[in-house]
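You will see two complexes here that share subunit A, one where it goes with subunit B and one where it goes with subunit C.
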Partner chain A sequence: MTGVAGAVIDLAAVAVLVVGIAGLWRRDLRALVGLLRIQGVALALVAAATAATQHDVGLGVTAVLVVAVKAGVVPTLLGRVARSDPGARESAPLINVPSSLVLAAALVGLAVIVGAPLHALEPGRAAALAPLGLATVLAGYLLLVTRRRALSQVVGLLVIDNGVALMTFLLTAGVPLIVELGGSLDVLLVVVVLRALLGTMRSRLGNVALDELRELHD
Partner chain B sequence: MTRDLVSLVQVVAVALGGLLLTGLMAKVRARAEGRVGPPISQPLREVAKRLHRESPRATAGRAQGMVPTILVVTTAVAAGLVPLAGLQTAGRSGADALVVVFLLLTGSLSLAAGGLATATAFGGMGASRAMALSALAEPALLVALAALAVPAGSLSLPVLLAHGLSAPIAMVSPSHVLAVLALLIVVIAETGRLPVDNPSTHLELTMIHEAMTLEYGGRDLALVTLGAAMRLGLLLALVGTLAVPWGLATSSSPLALAGGFVMVGVKSTVLAVVIALVEVHSAKLRLFRVPELLAAAFVVASLAVLVGVVAR
Partner chain C sequence: MALTVLLAPLVVALLLLVVRPGRRAEVLSVVSSLVVLGGGIALAIATVHGRVVHELGGVIRVDALSAVMVIVIGTVASLATSAMGRTLPVASDAATRRRAREYGVLVQVFVAAMLGAVLVANLGVVWVMVEATTIATTFLVGHERSRRAIEASWKYAVLCSVGIALAFLGLVLLYFASAHAGAGPRAATLDWTGLRALAPHLDPKVTRLAVGLIVLGFGTKVGLAPLQSWLPDAHSQAPAPVSALMSGVLLTVALYAILRVRTIADAALGVGFLRTLLVVLGLASLVVAAVMVIVQRDLKRLLAYSSIEHMGLVALATAAGTPLAIAAALLHVMGHGLVKSVLFLGAGEVHHAESTTTIANIRSLLRRRAALGGVLAAGLVALAGLPPFSLFASEIAMFRAEVGAGLGWAAGLALALLVVVSAGLLRAGRQMLLGPGEPAADPAPHRAIAPLVGALVVCAALGLVAWPLATLLHAAAGVLS
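Up next, the complex of A and B:
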């Protein structure tokens, strides 16, 4: 692996994780969507740098696809939902922000310990970073289970998806293009459906704090 | 002999530089806000003016009078130990990063004790706030230093910096970048800049550092101001050097050392200007939000350690 591409992979992979954890820090929903966009760009950088080192055209196409979907279409769709409710904040997460940040640090430690054997599967500098993908998945789960707003839960889901994608790029240098295409379209579909659902929920109920949805409406 | 001289010059440079940097940051803020602002040498002049005055003290106890001296002396010792211009300073056995951290901590502890000794409501409030923030910032600082020490395998600053000089590619490693980021947040908290504390107001709801020093006047106030400025100068120079060790003199030739002093001045000036420009665009955090910022610094520092271990 050449020096520059290796450094780019290192930095971008860590950026994916850091942005995922920053999602636990920010309360502003629009900032959360912005973080998702940055994460998409970092993920695409990992793919592009891996493609450059391995001279893999398919992976290069995947990188373009990742930028288009994960940094373009999905954040734009979610951004519209966030803008339609200005000033919406994650005001009372189930676990407060400092605790969830410290918990995230512990989860990263856990991922590094659990993920250590992954390195034995495929020796190489990129594979050594695979525990960071695992840590991103765990941070996404934390976001998903501790936030009350529907939009932040969707962001948590997408952070999990980005973590899985990071692991595939680092460990296997990307799955075949058709599989990646299927996965990306899947996520896109989920986001479109969730966006429609959120819009309907707001127009009917005026609010999408999921904890308050206790009883059925006609 | 050269080592002692270098340390002495470093102490003087940190004292003068710290005061000038404080003035520079005020000037940059003023200009960015469209005001003319006080001259850069304003803090220097104020300290010089007050040094000739006598110090009124709030209570009969001796504690308040000792605080400014302890603050200035501990910071000066730290400034002499740390390799800022050249790798060789007066610390024969090598300046351990932890020694520097605890010297600075002794200074802030004495300042808090002085705040309590004046027996006023504001002094106590400022001291309790400063200690609470310091207790949160300290773990982040220690973990960030540990992350920087991982590649060199030593917490001794000269060893650590020599390793950094020998491997320039390590400067863009994720672990290094994250550790420097965490250090920057801690430095902002420890020197009482925005968004943690606002150095330019005396608003009772928000002030931290100013609340502790309200009851000081005359020479005492001059020394406290000098101590705080030296702290700022030392921390900025140290973070600049740790982030980019280029320009450190490895030999003890006068020319190399002079170059080292110029380089460390440039680095800390750049950092100060950047922090001042960021300050213009940021509002002070609510006191209860500051732990979130410091928790973020701690997480970033822990990530730096973990990534450093993983990617090794």
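Up next, the complex of A and C:
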């Protein structure tokens, strides 16, 4: 893995994480969906460049799939929800933006420590980048647990999923195609289901933040 | 045969898209479940002596363990689908018809996804199928469209998807480790038989991380504490047949994935790592269940916490891991599937008749609704682990196996917590069942009660005579050792 393709992989992998962390910074819901689209493109670039260096047709197919689903259909579906509620912002995250950025930095450190055995097992360049994927997963979790808007939670879920996908491309040049196809279909369907549920929530309950839904308890 | 089992619910799902909701659609759903049950028995006969059935170019791989799971899915699905008509309003206008249709189709898709999870050879595809169950059931949990049902289904979909994402990350790491197991990158695999063969050569550090993530991920779906917070909400808000399917069998389908991964983990890491993890999760689940069952005020939530308890017990037996422990755990999975379905369907009948599931508002059922009250009484006795039902036998066998595996202290703690949970269940039962009253004018019809009685009789029979199941359960446990 040398030359242009290697540089593309490096840059795009870093971009996936940077965009994930930027999600913690932006509170505008439409901007959040835009970031998701950029992340999808960066992810597809990693897959495509890896496919090119390894002459892996299956991974090439996966790259096309990633662009279509993660940079195309999914952000478009979510963008429609965000636009139907103009000026929608994350009202008040449970942790304010500066603190969550500091936390994110700590999580990146954690990812580097946890990812060390991966690099030890495969001393190549791609495995060295794997902590970027782990850090993206952790940033997604942080987004998910600190945001109260339903749409932000969906974005958090998808950032986690993108982080896991980045790990697959970097470590194993993708999982078997049947798993990849099934997994992409699942992600697409989850988003469709959650979007429909959002629609039901709006029509039945109005524009609520999730923590106003507190009827179920013991 | 395996393919027929998998296709039956999918074909019926397609048919239900065109058949008008009503009696005929209900019959179709039940037929699909019975085909699954019959297919499960046929697969069990084919695999009980150690044969493995491969179909669809090796994508489908059935051994005795898969066959046991198919039988449990078929049994619970038969019970659940036979009660579906009772929980739906009469399809009078286009909107209720559309929702009744959606309900019928999604239940079949849900059953198909569970079958897929236990019939495929590739752990990645198992993951895809388990996530597919989440997708199919999200709308089923929210079927009532009430504020609470919507809250429960949102929580369910988000928490389970997030949890299961961890498991996928774990599988990726396992795949990565298999590419570096000495047989070259081409040998990289997610087929669990292939992973089992490579296991002694897997890098321990990466495998430990992978197995931890996989167990936490699927553990979320099993409802093991501390990852259980979605479960009581989802199981209490879903319509009764869906609760029966979720509590009775979906939890154990997720556990099935952990059972498969355990053989790989033990071969790669020794028994210590996963055993410690499962003992911690199992005991934590029992503690949460014990505390919540005592303070519980709602019948369906009570049953949901009891499911967490039983999954904790099965997790402990899995931690012990001896063939005896696994066979006992599988018997427990069967017994729990039967009894929990009966009780959730019974709770649905209570809701139907009394318009409430608040324990304090339900009184003297044995006098007022003798048949329903009797079913609930027997079900609660079975769930509390009392004889003659099979849960008694399987709990004793699990505890004995745990003592034999050096987990006597955990078994002792579990037994103490079990007594607390059982006392809570029986106290709730006394509150709802006993007391003076006059027979109600509108008892539940025989066709609603008969399947429940049948299931309880089967559960009692399993507790008294192990034949013909013992051979199958030991064969299934043998697959894992």
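Convention: the second predicted complex is superposed on the first by the 214 of 218 C-alpha atoms of A that agree within 3 Å, B and C clash if a C-alpha of one lies under 4 Å from a C-alpha of the other, contacts with A are read in each partner's own complex, and residues count from 1 in each chain.
Just so it is clear, contacts are C-beta pairs under 8 Å (C-beta built on N, C-alpha and C of every residue); 3 or more make two chains touch, one makes a residue touch a chain.
This one's a predicted model, so the numbers in the text were calculated from it and none came from an experiment.
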item: Superposition on subunit A - do subunit B and subunit C clash or fit; value: fit
item: Contacts of A:131 with subunit B and subunit C, given as first, second, both or neither; value: first
item: Contact breadth on subunit A, by residue count: subunit C or subunit B; value: C
item: Subunit A as apex of subunit B and subunit C, Cα-centre angle in degrees (nearest 10); value: 150
item: Partner chain(s) touched by A:109 [first = subunit B, second = subunit C, both, neither]; value: first
item: Contacts of A:97 with subunit B and subunit C, given as first, second, both or neither; value: first
item: Subunit B versus subunit C as contact partner of A:176, first or second or both or neither; value: second
item: First, second, both or neither for A:73, with subunit B first and subunit C second; value: neither
item: Partner chain in contact with A:193 - subunit B first, subunit C second, else both or neither; value: second
item: Smallest separation of CA atoms, subunit C relative to subunit B, angstrom; value: 18
item: Intersection of the subunit A residues that touch subunit B with those that touch subunit C; value: none
item: Subunit A residues touching subunit C - in the complex, by the definition given at the top; value: 114, 117-118, 120-122, 137, 141, 144, 150, 153-154, 157, 160-161, 164, 167-168, 171-172, 175-176, 178-179, 182-183, 185-186, 189-190, 193-194, 196-197, 200-201, 204-205, 210, 213-216, 218
item: Partner subunit A, residues of subunit B touching it in the complex; value: 169, 172-174, 177-178, 291-292, 295-296, 298-300, 302-303, 306-307, 309-311
item: Residue ranges of subunit C in contact with subunit A within the complex; value: 59, 122, 124-125, 127-129, 131-132, 134-135, 138-139, 142, 145, 147-148, 150-155, 157-158, 161-162, 165, 168-169, 171-173, 175-177, 179-180, 188, 190, 203, 205-206, 209, 232-233, 236-237, 292, 295-297, 301
item: Contact footprint of subunit B on subunit A as seen in their complex; value: 3, 7, 10-11, 13-15, 17-18, 21-22, 25, 97-98, 101-102, 104-105, 108-109, 112, 125, 128-129, 131-132
